[in-house]
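Labels A, B and C are assigned to the chains in the order they are written; within every chain, residues are numbered from 1.
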Amino acid sequence: MEPVLHSAPQVGHHPAPGKHYLNENTSLWDWITTVDHKRIGLMYLVGSLFFFMIGGLLALLLRLVLLTPQHTLFGITVDAEGYNRLFTLHGAIMVFLFIIPSIPGSLTNFVLPLMLGAKDVAFPKLNLASFYIYVVGAIMAVSSIYFGAIDTGWTFYTPYSSSSSSTSVAMMTMSVFVLGFSSILTGLNFVATVHKLRAPGMGWFDMPLFVWGMYSTAVIQILATPVLAITLVLLAIEKTFHIGIFDPKYGGDPVLFQHFFWFYSHPAVYIMILPGMAIISELIPTFSKKTIFGYRAIAYSSVSLALVSFIVWGHHMFVAGQSQLATVVFSALTFLVAIPSGVKVFNWLTTMYKGNIVLASPMLYALAFLILFAIGGLTGIFLGTLSTDIHLTDTYFVVAHFHYVMMGSTVTAFIGGLHYWWPKMTGRMYNEKLAKIAAVLWFIGFNATFLPQFIMGSQGMPRRYYNYLDQFQPFHAFSTFGSWIIGFSLFMTLAYLLASLRKPCDAPDDPWGGSTLEWRTSSPPITHNFHDQPVLEREPYDYRPGQSGRETH
Amino acid sequence: MEHSFIDYITGQAMLPPRGSEFAGEVDLVFIGIYWLSIILFLAITIPTVYFAWRYKFKAGRVTPHQTHNTTLEIMWSVGPLIICVGLFFWGLDGWMKYAVAPGDSMEVVVTGKQWLWQFEYPDGSRTVNDLHVPINKPVKLTMTSEDVLHDLFVPDMRVKVDVIPGRYSMIWFTPNVLGPHTFTCAEYCGKDHSGMKGTLTVESDADFAKFMATGGTEWEEYRDRNDWAGWGKLQYERKGCNSCHSVDGTSSKGPTWKGLFSKNESFTDGSTGIADAKYLEQSMLQPNAKVVKGFEPIMPTFQGLLRNHEIKGLQAYIESLK
Amino acid sequence: MSTTTPELHTHGGHEEGHNPYHQHHFATMEQQFDTAKIGIWSFLATEVLMFGGLFVGYGISQGKYPAEFVEAHAHLDWMMGALNTIVLLVSSWTMVMAVDAAKTNQRAKLKMYLLFTIACAFIFLIVKYFEYEHKWHEDLMPFKYYGTGETGIRPGDLMPGSHGYATFFSFYFMMTGLHGFHIIVGIVLLAWLYVKAGRDRFSSAYYTPVDLVGLYWHIVDMIWIYLFPLYYLIS
């Protein structure tokens, strides 16, 4: 129905290869001992999608529990303790097992070396190790459910987590500790890869913007995660031995825990959103058939977001008992975030201006991202402003805000990126018509679920509430109906993506007319990525006629 | 309350009723940002949709090679920066008021614990989950927690602050609207986090004085109707008894009240006894003197928390639960 | 097609005279070495930040209990701490010499200096053991076990005043314990280098592992240089 695909001439000299990374050495042993970044990327993809599904099902269950104030589903009543475990698991699984590892572990692992024209990441064995560390962390997280789950909220605030909760806090925090190491090693690998494995001729400002975004992410992973790691070790020891560092009963300071926690977890928000922005920076020029506007501005804004992310953690604690001076300073610094975020959005919009926009499914997700991120970002202003934050913090307004950023923005970008690189990863095209329907449903469902939560929050509905006042019931009901649309669109996406795998490889090398190096190899790529070492001779995203380098010679 | 569609457009419907002047100031900032956000949202969304439609793919269209424009970059960096500086100071203005209580405030000492709020008035009398204050006088709540983090949130006053064990935190407000306002706990504190709420009653000076003397005008109504059990039922909900004692026979943290009256109980110290009115009173004031077998000695004392007529009401209420 | 240079072939890695440690995805040995360096520096940055968290926590707690911290530190033996500082400084020097020996193909010297470094690490741990044991006997334990022995204070009835002491020793054991763990990891790595050096695996053409472990060892030493005054010399 669309002139979508094949709008640019196809590179003809890599017909679907007989041997590629998927069908060479296919024994189970070959897979579990692989050091190929593409295979590790795929394994990460399966892992993180699995936890996306688990976290998503928990979310659907949560919304179902909140549908009516009676909390009865088909005759089964979920009690307050069950509800508290549900939202904690939902949060912890989504943050630590899905969003943080998803884009870096799966998509980036797969495409970053390809984009740089490299044969692999800098440390392939370390890459595999970091995957297995992720698996160990995931097993620990799942086993914590068996040992009584956890009911502290994903933020593990002391002293509730250290002395009041009787759930398996130590197991879960140690799981997050382990997952943190996986994240650090992934970041470390990308930093070294970006520094040293760029193709001949590729300077820093010739890298695709995706790489810039992931480089910034990797820097945060390396610098912020160790602080979380040590904090969680301290928490686990506090829980077990009462060492008196966070627990006031033994002389500790609960606010110190929050400082430590947010010193990591605020940058972690950028570990989540920067990869999303990185993907959007690829999708928009590719589908607008136009060079990215303000390449350097976007690259610098990624780096500056990474830096600013380290000095704004206190905005999570305006009413939490930090000093008043700190609160004022953190509020002022928080507004700095608006500038690089705005720069990115305006540059993306200008890129679309006078473009030749192909509304393929990845681009639909990119457009959804722009709108959802706008809402997520703008509602952040309410929370960064001191006097309104007093009223809004710890309410559903915050819940809605961070879902717009983490889910509405990052996950939308992730799904968009998954569609964009799916032909490259699997060698198959998916059903484009279904993909477009799913994208539209996702957008509608998302807004239906989370817009009402802004209203509930500003009207005074606190978060993490099992019981609520009757006046909020219509909003909760609306939100629950929205969640069904989201669920439906995601299962639909899963179905047609899996269905595409049943076909033989049919994807061309460059189905979208992309200009970055990953499109110059076959789909799926051969084991060593490129037949010949690619050399970069032009800036990325050059769509001038005769400049695309895509003509067959 | 009902909101018209217009209220949603203007942002008014986003906010709960206002209970103080401060609430009005916060709302002004909220509505200001709300409108700013709407304008910026349209500034992003309209081009997004328009470009996607206007520049929809057409075979053979050549796109211009626009790499950057420094003037534009500066404009859309500096523009937001100026807006942000303005917003920061606008928000700071409200914060300064929130952070410092007037010297002549009436001080109420608040203790949060799982899962109830206890208020101690200047005269030493105490209430649970039920805060009464006189209208148009600044009230300062000095708060601490006995166990984990809590957060006292009064939506109608637009104030909240974390309540932290081992520390004191403070909020204040000058209520200017009579009547009940709800307050809740806004920092997750465990199982009954969502049940940790109560009513802030703003009343006239005369009513407040009467409340301090007797426990309020409500009491007189019950007394006049001679409805002791009804009065007890109100205390059951208001004093937080319901967080541990059921009235339908199910066992919770404490024994159920259903069929409790005149029951022969055995205690953890090995003795037995009849649960009569005297025993019930003892259980409220010295709860750990006789603990029913199978339960933990975890009930806090209600000495000083219950007025005599409230104890009498509770006894009557328990007696009524056959 | 201008995008390929036929000289750089993917599969053409293992030609004659090729360094056996050269991994296929690097163009040159030098690139491989530089990449490893970036990796280890990034890793050391995480180490510094991890300890940094503890240092900040210590600083904040000291601000809360200044008097208790000063009194508590008097229970630490600064002589022992100073001895350990010297031991680690010496080990840093032997490590530098070891790396130098590897670079200049002096196998015997490399083995000797590695052995010296391992010996220093063991001396450090032994001294540390005596310090810990001393604290144990004095009941200067962290956690709720502070003063659980002869002093008559029982867990659970910690006096408000004793909070600061327990916190001081919590941080002391946490930080020196984590540091000690890094020393143990260091010993394992050094021993591994020693075995490999015995098999003549290092030369001026390939000594990356020696260099990386050396950097790790210096960071571990450096953290101690900060720990020592923080715990033993506050006043």
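Details
Just so we're on the same page, a residue touches a chain if its C-beta (ideal position, glycine included) is under 8 Å from a C-beta of that chain, and two chains touch if they have at least 3 such contacts.
The model shown is predicted, which means the values in this text are computed figures rather than measured ones.
The most central chain, judged by C-alpha centres against the centre of all protein C-alpha atoms, is A. Summarising the inter-chain layout, the chain whose CA centre lies farthest from the centre of subunit B is C.
Centres computed as Cα averages put subunit A at a distance of 34 Å from subunit C. Distance from the subunit B centre to the subunit C centre is 50 Å, each centre being the mean of its Cα atoms.
One simple way to say how far apart two chains are is to compare their mean CA positions; for subunit A and subunit B this gives 34 Å.
Interface residues of subunit C facing subunit A in the complex, by the touch rule stated above, are 1-6, 8-11, 23-26, 31, 34-36, 38-39, 42-43, 45-47, 49-54, 56-57, 60-61, 64-65, 142-145, 158, 162-164, 166-167, 170-171, 174, 178. Remark: subunit A residues 2-4, 7, 80-81, 84, 151-153, 157, 159-160, 163-165, 248-249, 254-255, 288-291, 293-297, 319-321, 324, 327-328, 331-332, 335-336, 338-339, 342-343, 345-347, 349-350, 352-359, 367, 370-371, 374-375, 378-379, 381-382, 384-391, 393-395, 454-455, 458-460, 462-469, 471, 542-545 touch subunit B in the complex. Taken in their complex, subunit B has these residues touching subunit A: 1, 8, 13-16, 25-26, 29-30, 33-34, 36-37, 40-41, 44-45, 47-49, 51-52, 55-59, 61-69, 72-73, 76-77, 80-81, 84-85, 87-88, 90-95, 98-99, 114, 147-149, 151, 153, 155-156, 158-162, 164-167, 169, 182, 184-195. On the subunit A side of its complex with subunit C, the touching residues are 13, 118-120, 122-124, 126, 184, 187-189, 191-193, 195-197, 200, 222-227, 229-231, 234, 237, 241-245, 250-253, 256, 260, 263, 520, 528-535, 537, 549, 552-553.
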